[in-house]
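We just call them A, B, C and D in the order they show up, numbering each chain from 1.
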Amino acid sequence: MKFRFAGPELPFARDDTTRFLPWLMAFMVFLAALSVAGFFVLGDAARAIDRGIENTVTIQLPAGDNVKADEDRIAGALTMLRAMPGVASAEALNREKIVQLLEPWLGAAARSTEIPLPWVIDVRVDRANAPKAEAIAALLQPYIPGVMVDDHGVWLQALLRAVRSSEWIAIIVVLLNGLAAAATVVFVTRAGMGLHRETIEVMHFVGAHDTYIARQFALRASLLGLKGSVIGVVLAAPALMLLVLLMGNLGFGLLPEIRLGVGTWISIAGLVPVAAAIALVTAHTTVLKSLGRMI
Amino acid sequence: MKFRFAGPELPFARDDTTRFLPWLMAFMVFLAALSVAGFFVLGDAARAIDRGIENTVTIQLPAGDNVKADEDRIAGALTMLRAMPGVASAEALNREKIVQLLEPWLGAAARSTEIPLPWVIDVRVDRANAPKAEAIAALLQPYIPGVMVDDHGVWLQALLRAVRSSEWIAIIVVLLNGLAAAATVVFVTRAGMGLHRETIEVMHFVGAHDTYIARQFALRASLLGLKGSVIGVVLAAPALMLLVLLMGNLGFGLLPEIRLGVGTWISIAGLVPVAAAIALVTAHTTVLKSLGRMI
Amino acid sequence: MNDVVQFESVGLRYGMGPEVLQDVTFALDSGSFHFLVGASGAGKSSLLRLMYLAQRPTRGYISLFGRDVSTTPRDDLPALRRKIGVVFQEFRLLAHMSAFDNVALPLRVANVRESEIKRHVEELLVWVGLKDHMKARPSTLSGGQQQRVAIARAVIARPKLLLADEPTGNVDDHIAQRLMHLFDELNKLGTSIVIATHNEAMVRRSGRKVLKLAGGELRVLDNVADDDSDEFASVFAGDRGRILL
Amino acid sequence: MNDVVQFESVGLRYGMGPEVLQDVTFALDSGSFHFLVGASGAGKSSLLRLMYLAQRPTRGYISLFGRDVSTTPRDDLPALRRKIGVVFQEFRLLAHMSAFDNVALPLRVANVRESEIKRHVEELLVWVGLKDHMKARPSTLSGGQQQRVAIARAVIARPKLLLADEPTGNVDDHIAQRLMHLFDELNKLGTSIVIATHNEAMVRRSGRKVLKLAGGELRVLDNVADDDSDEFASVFAGDRGRILL
C-alpha cells in the first residue's frame, strides 16, 4: 500500500543498482554546481578585467625630496593629461590609498614616514581612442623624469583570455554533467529493466500498457534524481563557501573579490529540478523504446 | 570455454551493472591523474616560491638625469649592502635584463631610450639572519632617495600558503578517489551478488568453495578496474597536456613554467595497477564477507 | 463468427531449429473445454504461448476473439490480453509480492477499485486453500501452494479464454480434482479452456475433448478413447519415441 | 554407524510461523530408498532442504555421513555437499548455461578433467533423452526437458545421497518410469535415495518404503499399504484437510 502512487509492481527498493543513481546524480550535480559557481565568478572577473583594459592607465611617479614640489609637479601632470585627447579623467590617488596598495609589498614600512612613497595617478581613458601608454610616458617624461606608465594591457589581455576559456570550460563541464546524468539514467533504467524483465513480462501478460510500466520507472528515476541532486546541491554549498574562503585572498588586488551572488545560488538550486526532469524524461523514453522491442 | 580462466559459471557479461564499473573507474582515475599532476606542479611551484622567500630581496632605484652618476650611486649602494650582516651577495642587473623584466608592462616602450629605466639590484640573503626590507630601505634612503625595497615576503608567503593547501587538496582528492573506487567496487559486487544469487546458491549446493566464487568476482572486478583505469589514464594524458598549454602562460613570471616531468607521468601510470589492485582486493573481501552470511 | 481462437496453417520454428509446429489449424468455440496432450517437448507450451501472445508464429494466421493478431496494433494488445488468463508451467509469480498482490495484479492493472479487489481475491484464495497464506511471498510457499496462487491469478479477472500449462503437476490428486472443479465452474460461465497436461488419469476421467500434438501436427479428438489404439499409446508416449525403456 | 542421514527431535519453524516440522526423528541407511509423501504444504521440501543444508533446523540434531551438521565448519561444507545430489522442485537450472554445462557443473566445481566431463555428461544426457538439446539454454527447453536436465545434474557426480523433490511432475508416465529406473540403478550402486512426490501411482507401484509427513510429524512406513486405512486416505489428502470438495 505504501508507495502505492508509483505502483507496487516493480520492486525497485531491492535493486542495488538504483541505490547508485542518487549518489552518481549527487556527484554530477555537485560538479555542475561548482562549475556554475565558477562560471559566475569567472564572469565577474572577466567583466572587471575587461573594464580595466584600456579604460584605466596607472602612472607612477617617484617621490622627490620635497613634498610641496612633488605636489606641484603632479598638478602640472594632471593638467597635461586632462588636455590629452582620449583622456576622460585623471586623478591623483591620495596618500592613504597608496599606502594601502603598497602595504602587501612593504608591510608596516609602508606607513613609515621615512620611506618616500611614490605618487600614483589613475587615468580613465575613452575606450574608443585611448592614447598608448608610450605616448603618455613620452608626454610626461621631460617634465617628470622617472615616470612609469602602466596600461595593464598585455598582461590583462592574457588574463582575460585565460578567464574567458575557463568560462567555456565551466559551461562545457555543466553540459557534460547533464549528458553524463542522462547516460547514467539510461544505464540504470536498462539495468533495471533487465533485472525486472520477468516482472515486466508478467505485467504485459496480465494486460498492462507500456506507459503503465514506463511511468513506474520514470517516477522512480525522477525521485532518485531529485534525491541525488538535492544531496549534490547540499554538499556543494558548504564546499563553495569554503573555496571562496580559501581563494578569497588570492585575487591580489588584481581581480575583484570572489563573491557568490543571489543569481549564482538560484542557478545552482535550479540544478535540482533540471536533474529530476532529465531523469524523468530519460527513463520514460528509455523504457518505452525498450518495451517497443519486446513482444 | 572462452573466458574459462575466470570460470564460466557467473554470467557477468550480461550484467548491465558491471558495464558501469569501467566508466566509473575511468572517471575516478581521470580525476586522480589530474590531482597527481596538480600535486607535482604545485610541489614545483612551492619549492620555487620557498626558494624565493627571504632568499632574495629586490631593490629598485629611480633613474637620475645622468647615467654615470647613477652608476656611481649604485656602486656605492652595492658596497654598503655587501657590508651589511646577513647579506650573501648583491648584484646590479644589467640593462638588458631590466628591459626584459619591464617589457610585459611597458611593451616596446621599454626599449625606447627616451624612458629612463629604473635600476635594479638583486640581493641574496642568508636565510638564517636575513635583514628586514625596512632595514635595507632605512640604510639606503639617505644615500639614494626614492629607493624601493621589496623582499616579496608577505605576498609570497600568502602565495605559498595557498599553494601548500592546494597540494593538500590534491592529495585528499586522490585518496577520496581511491575510497570512492573501493566503494564503487563494493556496490557493484554486492549488486552482482544480488543479481547472481540464484547461481551462487546452486554453486554452493553442488559443492563450490566460497573462494571459488569469490575468485570469479575478484578477477572480473580487477579486469574491469584495469580497463577503466587504462581508459582514465589515456583520457587524462591529452587533457593534462591541453591544460599545461592553456595555463602555461599564467605563471606571470612569478611561478616556474608548468612542466610535467617523468616522475609525474610514472606516478599517473601507477594509478592503473593501483586501481586494479583495489578492485581485486575489495571484490574478493566483499564476496567472502557476504558469502559468510549465507548458509 | 463465434470463435475465440482460430489458427490457420500456423507454423513455428525457434531460430534455425526444426519446425516445432507444422500447419496447425483449429478453432475453439467460446465455452469449449479441451485438454492439450503430447509428449514432453511436443510443443504444448509453444502452442499455448502463441495463444497468449508471448510468441509470434513463423507463418500462418492466428486470430483471437475475431481479431487478426498480426495486424493488431501494439496499443490494443493489453485489451486483448486482459481477456486471456494464463497459468504458466513455471508459475511466474512475482517474487517480491505477497500471494494476495500476485492474484490482485490483473485487477490492479485494469484499475479495479481496491475494495472490490480485496473481496474477490480473498474469496478466491480461500477457495484454493490458501486462507492462511495470503500475505506470504511466493518463496515462502510450497510448490503446490505456488501453483494454486498462479491458478488464482489466471482466473481472478474471469477471462474469456483460460490457458493452463500443466496446472496440477505439483499437487496431489485431491487438490487436482478441486482445481478441475474450479475450471469447470469457469467453463460453465462461458470461458473457453485449454489445459496442457501429462496427467493421463485426469484426461480419461473427464471425458473432455483432446488436442493432441505429435510430430508438430495437431489433431482434435472428441475424446482420448476416440484415438485409434496404435496412436493412442503415443499420446502419452515419450519424447517422439526416443525414450523407450 | 552406517547411517547416511540421522535426524533426532528436529524441529523447524519459519520466522514466527507455526512449527512446520515437529520432533522429526529418523535415520537412513546407506543404500536405502524412500518416498517422501504428504499433502501440499506438509513440509516435504522443507525436510529435504534440511538434508541438503539449505536450511538450519530450529532445534534438534542432524548428522550427515556421521558428521554433526551444526558443528561442521563452513570450509568443510562443500565436501559434504559434493556427496549429495539434489533435484529441486523448481529445477534451479542456470539460465545462462547450456544443458551440457548445467549438468557438468558439479564435476567442474570438483575439478574433474574436461575430457572426462565430456564423456560422462554426454552419456547421461543421451540417456535422459536430451541428445539433441545438449547445447540448448534452459529457457529454450520444454518443462519436461528442463526437469530431466535437473535430474542429470543431480546424479552426474554419483552422489552418496540423492534427494529429489517432485522429479516427475512435468513428465508423462513413460518418462517418469524411465527416470525411476535411473534412480533404481543409482540405488543399486549404493546411493541412498529420497524422493518427494505426489504421484500416488508411482509410490504404490514401487512398493518402496515411505516417509509420511502429516501435521508436522514424520512416520516411517515399510509400504504405503501398511498405513492403516483411515490415515491412509490422508497420505494423499489435501492441505491438512482444509481442501474438500
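Simple rule for what comes next: a contact is a pair of C-beta atoms (placed from the backbone, for glycine too) under 8 Å apart; a residue touches a chain by one contact, two chains touch by 3 or more.
Here the structure is a predicted model, which is why all the values come from computation and not from measurement.
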{"item": "Taking each chain's C-alpha mean as its centre, the one farthest from chain B", "value": "C"}
{"item": "Centroid spacing, where centroids are CA-atom means, of chain C and chain D in whole angstrom", "value": "28"}
{"item": "Rounded Å distance, chain B centre to chain D centre (Cα mean)", "value": "65"}
{"item": "Chain A-chain D separation of Cα centroids, rounded to whole Å", "value": "69"}
{"item": "Residues of chain A whose C-beta touches two or more other chains", "value": "14"}
{"item": "Chain C: positions in contact with at least two other chains", "value": "none"}
{"item": "Pairwise touch network: line, ring, star, complete, or other", "value": "ring"}
{"item": "Interchain contacts (touch definition) - all pairs", "value": "A-B, A-C, B-D, C-D"}
{"item": "Touching residues (chain side chain A, partner chain B) in the complex", "value": "14-17, 19-20, 24, 62-65, 104-109, 112, 114-116, 118, 133-134, 137-138, 141, 145-146, 148-150, 153-155, 158-159, 162, 165, 187, 190-191, 194-195, 246-247, 249-250, 252"}
{"item": "Complex contacts: residues of chain C adjacent to chain D", "value": "14, 39-42, 44-45, 89-90, 128-129, 131, 140-145, 148, 165-166, 169-175, 177-178, 181, 198, 200-201, 236-239, 242-243, 245"}
{"item": "Touching residues (chain side chain A, partner chain C) in the complex", "value": "7-9, 11, 14, 198-199, 201-210, 212, 292, 295"}
{"item": "Residue numbers on chain D that touch chain B, as the complex places them", "value": "52-56, 74-75, 77-79, 81-82, 86, 92, 94-97, 101, 105-106, 108-110, 153, 157"}
